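The two complexes that follow have subunit A in common; it is paired with subunit B in the first and with subunit C in the second.
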Partner chain A sequence: MEPLYFALSCYRRRNFDKCVQVCTDILEKQPLDQAAWCLKMRALTKRIYIDDIESEEIVVGDALDDDTVASAPRPGTSMKLEAALTARPRTSTGRPITGINRPGTQMRPGTSIERLKTARPLTGQSVRAIRLGTAAMYSHRDGPFIQVSRLNLIKYGKDPCLSKPLFEYLFYHEGDVRNAMELAVQATQANRFEDWWWKVQLAKCYNALNLVRDGEQQLRSALRQHTHIETFIRLIRIYLRLDQPLSALEICKAGLTTFPNDVSISTEVARLYEGLGDVQLSVKHYRNIVIEDAMNTEAIACIGVYHFYSNQPEFALRHYRRILAMGVHSAELYNNLGLCCLYSQQLDLTMACFQRALDLAIDPLIKAEVWYNLSHVAIAAGDVELAIQCLSICLVMDSTHAPAFNNLAILQYKLGRTNLAKAYFNTAKNLQPSLFEPQKNLEYLQNRYLNTFE
Partner chain B sequence: MSKNTNTEPKPLFPKTGQLIIEDSQDLLMCKPRLIPLKSYTLEKLEKMQQEVQRLQKEQSSSTASPQN
Partner chain C sequence: MSKTELNTSRWLEAHSDRSAGLTTLPKNLLLANVCGDGDYRLVLVDVNFNEDVSARLKVYKGTMLCSDQSLPDVPCALISFYVDNIQPKLPVLGVACGSDLLIYKNNKPFYKFSVPPLPISALEEDVWQKLCLATDEPYEKIVEALESIPFSELSGRSQMLLTLPPSDIENYVYKYQNVELRRTCPITCMTTLYRNSEESTSISYPVLATEFGQLYILDSQTFTILHEARVSNTKATPSIVVAAGRYEVEFRILVACRERYVTLIRKNWLEGKNLLQTTASIVDMILMPGDKFVCIATSDKMLNCYSRRGNKLWTVEMAQTITCLSLLSLQHLSLSLIAVGMQGGSIQLYHSRHPVDYIPAPDTPSAITFGRMGQEEHVMVIITLGGTMNFKILKRTADFGLNQDTGISPTIQSKPLPLPKRSKLFLEQSLREKQNPMDMHQSFQQDLIRLRLTSARTLLQINSDQSGIGNTKEQIKLSAQVLGLGPKFTLILTLENMNPEKALIQLSAIFHCNPENYQLSLYVLPIPLIPPGLTYKIHNRVVECINENLPRDETQGNNTIRVFIVRREQIQPVLAATINMPPTDPLAFTM
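Coming up: the complex of A and B.
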């Protein structure tokens, strides 16, 4: 078979490693073969491509905004303020639990800038993207495929066939935002500022370099030329980074008038309302998403969480069962199913679900959560000793689990060990200051102590 | 009037609903925690990172072995 045709066929069948190999062979024989060069670039990019809109880590309000006048935002106009979702427990970083973990929401204590308050220089480019870029280099033992510093970017910017794959290669594979931006600037000029695609790419680069306002201008200009869902979503993300949820909502509305009932934009709206603490509206949008796309895991999971924490575990169980039927098979899901079974009195299934969850869990943090929830099963059965054991295992897995310390303190108090309980309450309070239960419990113990002396 | 004074008025109890709510303070338990599921992108990212780590280990071990 003709080697280039074979490489193309491999690319189409998503067998990227083979495609890269065949292209390398072609390029060894004919180093100036542009078709093979372009195909190899695209295959290398596709091999490590991830949806960069979804994987973006948004740190709210991290942009260096010189125009800020007020020190505190007005109520309802910022995502930074603790949302009033008191019904839900919070993660260790203080945000209420949501239905699904995205790269942007998955922050552990220690990675959150809000907590660390270090002088770390802030960029929009996630650490993951940089890591993947360097890791991609690792896999070539003969050195990099393209010597970026030797590229004549002005020449490639004018080439309509090569410029776009080259940009994507530089941006995604190499993680070299500066050169990618140089190429985008050249290509925009070569297209006489008429190509919306290049404007969106420029905005991507500006965003990665934390020049958020410049990115906004590019995206608005791109939207004037061509309305595209991706452009809308990128603009929404920019406003979220600037901590302007209301502007983001306006863009969502504009997007939804152009693309009615679009799932991606509706998802943004639902997440936004959740971030603002308006669960009812958020769930309403998630329901609309489910009507459009009945397989949308995020929407189903978020509705499930909403039902669980508004005392309707049966409905939550129904939603999680739907996800199970869709083929998801993970420790998180079995844990949630177990909890729903426990609170909707399906006791025969509870232990089986938790058993599965423990079998599937690899990450110690997930194991800790499962053991923490198992302690609730033991408490519901009235077995205090077992509950204490579960909580102890949970704390072995994750020694910073504040709710476990709080519950352990209560159990120890019931067993008459007041001083130990107080120590645990204090630990819980120090580990997670946003948790209100240990605070209240300490106050309660103090009041009781005072009353007995009076 | 005199007839009525002999008979005690019967107390009226509502037949449905809760009569007395005794508000007793107690220690507050933390709620059970549902674990957020992983999004598709997150799963793919983790898979890729594991793969890369595996490759790095293989390469570093293969480069280290000839020196030894």
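Coming up: the complex of A and C.
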């Protein structure tokens, strides 16, 4: 078979490694074969490509951001929710717990300044993107495929066939945002600022370099030329980064008038409302999504969570069972099923679910959460000793679990060990200052002490 | 309620005299038309608690002192009432001093009524006869006989005698040699009761209650006892008495006792009935006019309201200890408010259980009264513990915002709890529960036992790591924090002593790691004494050795540092912890 045809076939069958190998062979024979070169670039890119829309971490209150306007925004205009009194518990970073893990919801715990010290410096570029670059570099021990510094970007920018694959290669595979942007600038100029695709790519680069406002301009300009769902979503993301949820909502509305009932944009709307604390509207949108796409896990999970926290665990149970039937098999899901069973009094099924969750949990943080929930089972059964054991295990797995410290302190207080309780309350307070329970409990202890003293 | 009314006070500050130097106890303050000229005067008792305890009855016209007379004893209560229908109508003042009721008319002493003395036991009489006869027998012997009588049934003179040192007995006996032995009965509280009309200027009778639980209703014209009753069938010492109704028709007298009872006495009853009992001592009690609720302030900062049958209707907890109560009847608004004076100098007005106004006072109010003063209709007089006399006039426009419904009921209660509807699914599930409860319970119990086993097993497995929760037996807690991006880290260990009594001594920290991976700035550290409740921080600098040849595998667990806290001459470590070090990004390192 003709090697290039074989390589193309491999590429179509998503056998990228084989495709790369064949292309390398062709390029060894004919180093200037542009088709093979292009195909190899595309294969290498595709091999590691993941949807970068979802992987983007939205850093609310970016510490290095100098576009911040108001430090005390008006209520309802910011995602920085302080102590909006909703019944739902919050994650350690202070966000409402949602039905599904998203990049924005799974940040490392600790106060923001500590996060700065421990984690990578906060930039617009996601951690995952940096990792991808690393992985790509290590896969080629015999030297890089393209010497980026030697590329004549102006020449390639003018080439309509090669410029786009080269850009994607640079952006995704090499992780070299600066050169990718250079190429994008050249290509946009070559197209006389008329190609919306290049504007979106430029916005991606600006976004990665934390030039958010420039990215916004590019995306708006791209939308004027061509309406595309991806462009809408990227623009929404930019407003989220700028902490302007209302502008983001406007973009959503504009997007939904062009693409009525679109699932991706509706998901954005639902998430936005959730972030703003309007759970009811959020659930309304999730319900619409389920009508459009009955297999949408995120929507089903979020509706389940809504039912759980609005005191209808039986409905939540039904939604989670639906997800289970769809083939999801994870510790988190079994954990949630166990909790729903416990609170809807299906006691015989409770522990079966939790046992599976324990078996499936590998990550110590997840294990810690499962043990934390098991402590609730123990409390419901009235076994304080067991509850203390469960919480101890939870804290060994994750020593920064502030609610566990709080609950442990309450149990110790019930057993009459006030000093231990006080120490644990203080730890909980220090670990997560946004949590108001330890604060209140400490005040209560202090008042009791004062009263007995009087 | 308009916005301006919210902010500005409903009260006009009429007069405030911080140098008045008054010491006025509750129930010793009233406003009355004592001269009959329609110009209501402020009448109060000023007590001097210095070296020689004395009291004075003072009458103020406006802010001017117009009458000041000394009283024989410290009075317990002050009342004013009308004795006849002769024009011009002139109320008399009644002051309860010891066992006497002193009546003043037109600011002049008018009559003195004494509560009949109690019978004296024969033995006591005998003892005093012997003492006065001055026989050869030593006094101590005679006095010993008194000790067989219960102390509370002795006369005051004998009680005093028993407390004296033997050397003073002779003088004491000599002093009282020729005075008749009496067992007086001090009045503890007093109020008035209308005869047959509830108009404010109609004739009313004084009601007295004594230390020994007797209640007397006197005729205000002849000053004879009309009715006598026991306050309670148990031992009860009245402290506050309030009355409602008319003597000739039907009346209710409520007596609050120091034993925390409130008893009820009605017409023709010879003995009171216990109506209710409070958990804390009763500070003050007032009867709400009209609906006959009784409001009781107790020493545990509570304001309680009880129905006429003694059922508790509501309680409100105050921020401060309550010192006195006063009733504010606003007839033009057909409204009765309770003024609650509190420790620290604040007065809150309550309309049933809802606070409607707040009045700052110069300091802790000791007595409050409200009524007509001079020509002014609604005046509040506050006498504070510090001796300040303060007059406040209620503005005519004040309606306490009670016309709007929103002002009264708290917003929390108007909203029902957001309970979800009972769903069909729920019913199905509960049906399942009903059908096989035994099986469900048994399997859950089995699962619980299994959970206990699992948790115990897990605890054993992770015994080597006690960071976070710490050692509860030794009450030590360790928390670790890793700072830095790598390859240089700082490890901060915080050791907390949770024991409230004992200090931590003889401890040292040992750090354990694979030297091929990490280099530490210290490996063994003796820990100094940690006092109870305090923490000690250990900083340890960690350098990761980057070895290009060794492919680093995070799952093998060689990126951990273990910490042991050991006590000297003890084999087992007190505390052990495993710290997972974050991986250094090779990219960041090479860049």
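Just so it is clear, the second predicted complex is superposed on the first by the 426 of 454 C-alpha atoms of A that agree within 3 Å, B and C clash if a C-alpha of one lies under 4 Å from a C-alpha of the other, contacts with A are read in each partner's own complex, and residues count from 1 in each chain.
The rule we apply is simple: a contact is a pair of C-beta atoms (placed from the backbone, for glycine too) under 8 Å apart; a residue touches a chain by one contact, two chains touch by 3 or more.
These numbers come from a predicted model, not from an experiment.
If you count the residues of subunit A touched by subunit B and by subunit C, you find the higher number for B.
In the superposition on chain A, A:T350 makes contact with subunit C only, while subunit B stays out of contact range. Using the contact criterion defined above for the overlaid structures, shared-chain residue A:S310 touches subunit C, although it does not reach subunit B.
Of the two partner chains placed by superposition, only subunit B is touched by A:T297; subunit C is not. Residue contacts after overlaying the shared chain place A:I48 against subunit B, while subunit C stays out of touching range.
By the document's definition of touching, of the two partners only subunit B reaches A:E437; subunit C does not. With both structures placed on the common chain, the touch criterion links A:V263 to neither subunit B nor subunit C. Overlap of the subunit B and subunit C interfaces on subunit A: none, as no residue is touched by both. The touching residues of subunit B, counted against subunit A in their complex, run 25-42, 44-45, 48-49, 52, 55-56, 59.
Residue ranges on subunit C touching subunit A, taken from their complex, read 418-420, 423, 425-426, 429-430, 432-433, 439-441, 443-444, 447-448, 450-452, 454-456, 458-459, 462, 465-469, 472, 475, 477, 479-485, 496, 498-500, 533, 582, 585-588.
Listing the residues of subunit A that touch subunit B in their complex gives 48, 50-51, 54-55, 88-89, 97-103, 105-106, 128, 131-132, 135-136, 138-139, 141, 297-298, 301, 304-305, 308-309, 323, 328, 330-333, 335-336, 339, 342-343, 366, 369-370, 372-373, 376, 379, 402-404, 406-407, 410, 413, 435, 437, 440-441, 444.
For subunit A in complex with subunit C, the touching residues are 114, 117-118, 120, 130, 133-134, 137, 310-312, 314-315, 318, 344-348, 350-352, 354-355, 358, 371, 374, 377-378, 381, 383, 386, 389-393, 395-399, 401, 408, 419-420, 423, 427.
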